[in-house]
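What follows are several structures.
Here come two complexes built around chain A, the first alongside chain B, the second alongside chain C.
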Partner chain A sequence: MKSKKGILFILPGLTGVMVFYLIPFVDVIVRSFRQINGKFCGFANYRQVMENKAFALAAGNTVHFVVVCLPLLLGLSLVVAAMLRRSGNVAKFCKSTYLIPLAVPAAAVVLLWRLIFDSHGIWNRLLTLLGYNSVDFMNTNGAFSVLVFSYIWKNLGYTVVLWSAGLSAIPEEIYEAAWVDGAGKLRAFISITVPNLKQTAFTIVVISFLNSFKVFREAYLVAGNYPQESIYMLQHLFNNWFRDLSMDKMAAAAVLLFLVILIFVYILHRSWEEEH
Partner chain B sequence: MKNHNKFISALLVAVLMFGLVACGSSGNGKGEENNGIQNTENSETIKGRFVESQLNLPEGVSEILAVTKLDDGTLELAGSIGKTGTDCILTSTDEGETWQVKELEDLDYSYISNVAIRNDGTVAYMGYFNENQEKDSSDLPDSVGMKLVSKEGEVKKINFTLPKAQETDTEGSITFQKIDQEETIEGDVSFNEDETDITNNEESDETQMTSTADDNMVLQAAFDEAGSLIIQDLFSTFYKLNIETGELSELYSGEEYIPYFGIAGNKIYAAAESGMKIFSSEDGSMSAADSVLDEVAKKNSESSSLQGDFPVVMTKGMKDNSLVYANHQGVFYHLENGSVSEQLINGELCSLSDTTLGLSGIVMVNEKSYLISARDSMGNIKLLKYVYDENASSVPEKQLKVYALEDSNLLRQVVANFQSAHSDTFVKVEIGISQENSITAEDALRTLNTDILAGKGPDVLILDGMPVDSYIEKGILADIKGLLDEIEASDGLFTNIKNAYESNGSIYCMPCRFKIPVIAGDKEAVETGSAEGLLDYGKTIKQEGKRVFSFSGTTDLLEELFQVESADWLTGEGSLDQSKLETYLQTAKEIYDLDYDSNSEDNNGKDSGTCTYNILSGYNLGTVSSLERLMKECEISFGTLASFYELKDILSIEKQLGGTYGIFSKQETKSFVPYLMVGIVSGKEEDQDVQELVKTMFGKESGMQSESGFSVNKAAYEELCRQEIQKKQSNEELSVVFSTTEGTTGGYSILPLTQKEVDTLTENIESMTSPVITDRIVQDLIITEGSKYLEGNQTLEETSAAIMQKVNLYLSE
Partner chain C sequence: MKSIVYTGKIIKAVLLGLCAIITISPLLFLLSGSFMDQLEISKLIGPVTKGTEGMADWHWIPHYPTMQNMIELLLDSPEFYQMFWNSVKITVIILVGQLIFGMPSAWGLARYEFPGKKQIYFIYIILMMLPFQVTMLSEYLVLDKIKLLDSHGAIILPGIFSTFSVFLMYRFFAAIPQEVLEAARMDGANEWQIFCRIGVPLGYAGIVSAMVLQFLECWNQIERPMAFLKTKGLWPLSLYLPEISMEKAGFAMCAALMALLPALFVFLYGQDYLEQGITATMKEKR
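Here is the complex of A and B:
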């Protein structure tokens, strides 16, 4: 009876998810096997996508971005959360401050980018004053560094809050016992904090991984449909395919991306489960 | 308690479900505003609408100066007839079906500025009459006059004097300043080359240049219901003119410029940019503002033309406090201070949607019949009649949808042509980017693509600015070769243009119009023919402090050269030819540096770097202008040629300067600039109405109209050639007067074309083989990066590398 009542309550939400996500996704899978005119074409779209140079570039850049950003973000935010844990009232203030970047609209972030990283921006002025050559960040491989910086700046606070929630769930008695046994701060961190955060880590990794795709907004607003090569992401490609009515390729690429994310999350989930 | 909990649970679930189901939008998502306009013709089941027809006027009538309905129900029209343009008055007692013509005696005027008809049939002609130029008469100051012609044909002259005008020229701008007749300007007087007074006013630093014999003039005149003549002068001051005595009494004077007005009953509706000024024609007392009419005035605030056409024409409705007004959206009925205007006639269902149609007057014959006088873009007059047919469906059952990224007068004209000939079919024109919605082209394309995929796409696409190759690849466009072959068989098409779009025996799109890249200058400049040759020649004639070329900035220069150079840049492997790209950039840079210093901090010659898409703009006149050469602002002008008028203009000036014009192209590829590229959406090609619409677009009648490019229809082109040569034979000339920023004035006559000049143009057109690259993404990428190079912000190698990287990425998608 209780479970039936429960189903009734989740039904509206579930209906929404099905109507706006699941059913359209099934449609995408179906479209990935058809041409624009509806004619069935088997795996031709997948072959086209795999052979497409733009897709290869975009996918490579996206993987590169995730591989660089995720560990950086997780590590940095964990260190900050651990430091804030011991800081009392100051921590409360800092946590709020760290969340501000998340509230800043993408368009405002883009303005900031231009002010700081443009070839005549503040950063290049500083470099010139220090005797270095200026760097045109947005038209060289430096654009990738700017993107990474922007992603970490925007998501650090949110991740810190999530880590803090995980940290606060670890009983203080374990640390006290460790100190009594002579463990130092680093030892306590490695042997107590990290293992107890694995459950939280799984959630944070998945969320951060998905957030990494949202960095497209800033890149698009600054550099348009065709940015510097190193920041040309999968969403740029999807955006451009949409404009050109290449829905068949887009559907195939979306299904491939889904499979990759699914495999990644599954592996993560299994490795967490095994450890437990 | 359990039952209570169950009940609450069920109620909550029901509320949530209701919320989900209820959250749906039935709107079209395109954010249409109606601005207080109710469309009473929006139901397919409702019968009854006004049907348009064109009234036949007696042969030879060439002008409609005014038209009105008299108190006795007769329609009266003042116009001109015959080759000599004799003034005449036409009357009709059968609602315009037949007309009686009465030619007037010579009114002896040098210029007529306005004509108004009173409700008793008296016609007032205002202008400059030849008697006024007798300077020795103290009763006849140098001002406008008026002649009244009664219904019986008696002519009476009335003199009146408007306050004088003074033209002031301060730092290159020309403004008008009202002065009293007693005011004098003291100071030294000297003359410039053309003997114009130059007076230095000791009280200010301004140098005022006055020219004698420039009077105030009547901008517009009309009679009110009581028979009083209301006139508006150059300063937007309104007067009531006593037609017996010539006495003026001021009704309204404001700071704001008023381009036009209308009279309904005894109320004057003056359209200013800030809104509609409503005041009484009896005593000038202001009425309360009307928000609906304010919006009408704001949206239609452009000036009336010298030919007497207005953006909005007005007349009184059935009730005393009502107004009937017409514009390109249709005919509307408005009650004073009402919250809405009722749309009587939907402009989209008739010729009113043609934005090149100049409206000059509206008459309410009765509640179910209206007349609108108008002039089309070729100068042909039209008297359109709208009669309510209660059996006609309110919206034609057959509907076609045409989609274009940007609006254009030519498209509206073509659609109006089709609608006139097919009143049972409604063509809805959907525009992707407009001033109201301010969305980007990409967003508009995404919306279009969504509609196409949902099966709600248009029938006909105007492909300017769209990813044509992608649409062809996806099978979105149908093969229209069969249709084009039919048109070629009946009228003929420029085969070279048609062949440029044929691929594997099919044609998926074709432009209705095209423009030609040309150079205007000395014979040596024109003979260089190519950009590199032009540059070399330009270096030899460069003088310190003087510009050689006519472009206005980096984007302008890059766009003009793009139209010459780009036709053969795309390689077979889906990439750009880098060497050709670099040659183009280098040549552009050298041309730019010849006239501008890219190291200078001065912004002169620099652009923001964003592509303005002038090539694909709906405002599609040519860009070459010999006038800048005549005004000594440059030595060589290059750009695109889009009409016979522009060709005449160039040739007339070049004859004066001893220069000429020629095709601007590469040696190996002569390119043309396509405009209004038409394609049919796949699946709709069998629809007869769609075929008819496309045939109309490529047809002779559409080809004869407008000046946005030369028509691909050979019959239209040849007819226009014939008309131009006929003008030569009848010695028709137009005069143009201009003034420079230095304050000098000049002029020239626009001479008709000779047979030889027409033949040369035809040869040039037939020699063109390839269209320029019309892909807006490629254009934007090249011109944006190219601007940085021209301004000295990056090197050629960097620019070339950036362009190649981005364009290759785009092409590889």
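Here is the complex of A and C:
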């Protein structure tokens, strides 16, 4: 319906969004070009951020984390979702179980991660029982794998539900036709399921990428402000700059991160539009 | 051929079962630990918490079950209550606020055409996708200006205007057939009545799923309270848990268990909606 009445519905909410998000963010963009004392300094803050060693480390680790986690999570959850297809009640039960981590506060599990992955922890007990050497996860690069595990644990159910939605959109008849033609299950998976899931996969990649920023909770609660080097992420850096009130660097870094995410969201949005 | 099918089934069962065990075991862990007494639990995990010889161990059923932790938590920990109610207050006000501000926004975006609508929608999507780290500084600046830092308002107000729930409800509102609204208009209903009597009931699933997802999000939030709340008495439960020392592991597990119970109840109640909500982020329904 063509009507300006819609604006009335939006206005109260939009005002809040403007006050708490949009206007202050414009302020941050302006600040990213100024020194702390307010003097205009061009791209100096950006240069400072780019040349910052901690930023390089944090950005590198964040990219590393995403590159390792996404394929693992997407692969595992796709296999699980494919197995759950046509499984009726089993599927319902499994999906519910896998979703439970969504309800578990990060603060509640870090205690367990500490007990399990400590150098004298439960996982190491299992390792030594099996004849392997124990690993001091939290103080070596093993910290990274703990974080990967934690991310997959948290997001598996969510991603399985997303894949399942994509899978259920593929018409059953295509499979039946393939089976009649003598295609095996694996063959059907490769030639029917995979190509039909491109759109779904794309959405899941973007959502999982954005969710990956939330592992900071676990990383921070397990290891504090300055964790083992391999899990020092952009989120730690932002947090530390925030505590030091390094507004200039923070503003520039926030704008940079914003731009990266903007590109992701734009591509996602475009692909949604293409659907019709 | 038959044996191949059989092995396939076994692999499938093992993988699915393994995933189920891994996702659910932390819950069982907390449950069993909550009912162990200090002696039993320190014997098991002493190597981690006290540096005693050997490696930590665990068993799933306490040998000497006790209510000691539960009693200490419920009768003897005023901080726990205070932070529990802080969490309840923050979460409830945010959810109610989202119904008051977010729900009409979603309706307006979904059912009306007006200049700038596409741009607003795109901005909402971006905002919903931004991690807290990007908006932390801007939120800080505005909260500082209106003198809300270190108060619950600093957590509640930005929470109310989170665009995620708007987006979710939008998806469900947009799926309501236009004819239904036209029929109501013919009968002389005004726009507000259409929203209340048709939009809300028909978009109910979307509203509930947004509320369920947002409840879990608010109840478990850490970053924002950590950044904006200095006074310990204002903290939500999610910040209190890590403060309990490992020495009192049984007590800590008990507190963790109590903290996740409300989230678990909401989760169990809203499970179907939760799934619908997650799925709705996938595709545009028109």
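Note that the second predicted complex is superposed on the first by the 239 of 276 C-alpha atoms of A that agree within 3 Å, B and C clash if a C-alpha of one lies under 4 Å from a C-alpha of the other, contacts with A are read in each partner's own complex, and residues count from 1 in each chain.
What we mean here is this: a contact is a pair of C-beta atoms (placed from the backbone, for glycine too) under 8 Å apart; a residue touches a chain by one contact, two chains touch by 3 or more.
Since this is a predicted model, take the numbers as computed values, not measurements.
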First (chain B), second (chain C), both or neither touched by A:Lys5: both
More chain A residues in contact - chain B or chain C: C
First, second, both or neither for A:Thr97, with chain B first and chain C second: second
First (chain B), second (chain C), both or neither touched by A:Leu57: first
Partner chain in contact with A:Leu257 - chain B first, chain C second, else both or neither: second
Partner chain(s) touched by A:Leu156 [first = chain B, second = chain C, both, neither]: second
Which of chain B and chain C A:Val109 touches, first, second, both or neither: second
Partner chain in contact with A:Met247 - chain B first, chain C second, else both or neither: both
Which of chain B and chain C A:Asn139 touches, first, second, both or neither: first
Shared contact residues on chain A - chain B and chain C: 5, 8-9, 12, 16, 242, 247
Touching residues on chain A, where the partner in the complex is chain C: 1-10, 12-14, 16-17, 19-25, 27-28, 76, 79-80, 83-84, 90, 94-112, 114-115, 118, 120-122, 124-125, 128, 134, 153, 156-158, 161-162, 165-166, 169, 185, 200, 203, 206-207, 210, 213-214, 216-217, 220-221, 234-235, 238-239, 242, 247, 250-251, 254, 257-258, 261-262, 264-265, 269, 272, 275-276
Parts of chain C lying in touch with chain A, wherever the complex brings them together: 8, 12, 15-16, 19-20, 22-24, 26-27, 29-30, 45, 47-48, 51, 54-58, 100-102, 104-105, 107-109, 111-114, 117, 120, 122-127, 129-142, 157-158, 160-161, 163, 166, 181, 191, 195, 216, 219-220, 222-223, 227, 237-242, 246, 249, 252-253, 256-257, 259-260, 263-264, 266-267, 271, 274-275, 278-279, 281-284, 286
Residues of chain A that touch chain B when the two form their complex: 5, 8-9, 11-12, 15-16, 35-37, 52-54, 57, 119, 139, 225-226, 229, 232, 237, 240-247
Footprint of chain A on chain B - complex, ascending: 9-10, 12-13, 16-17, 19-20, 442, 445-446, 449, 452-453, 467, 470-471, 474-476, 682, 777, 781, 793, 798, 802, 805-806, 809-810, 812-813
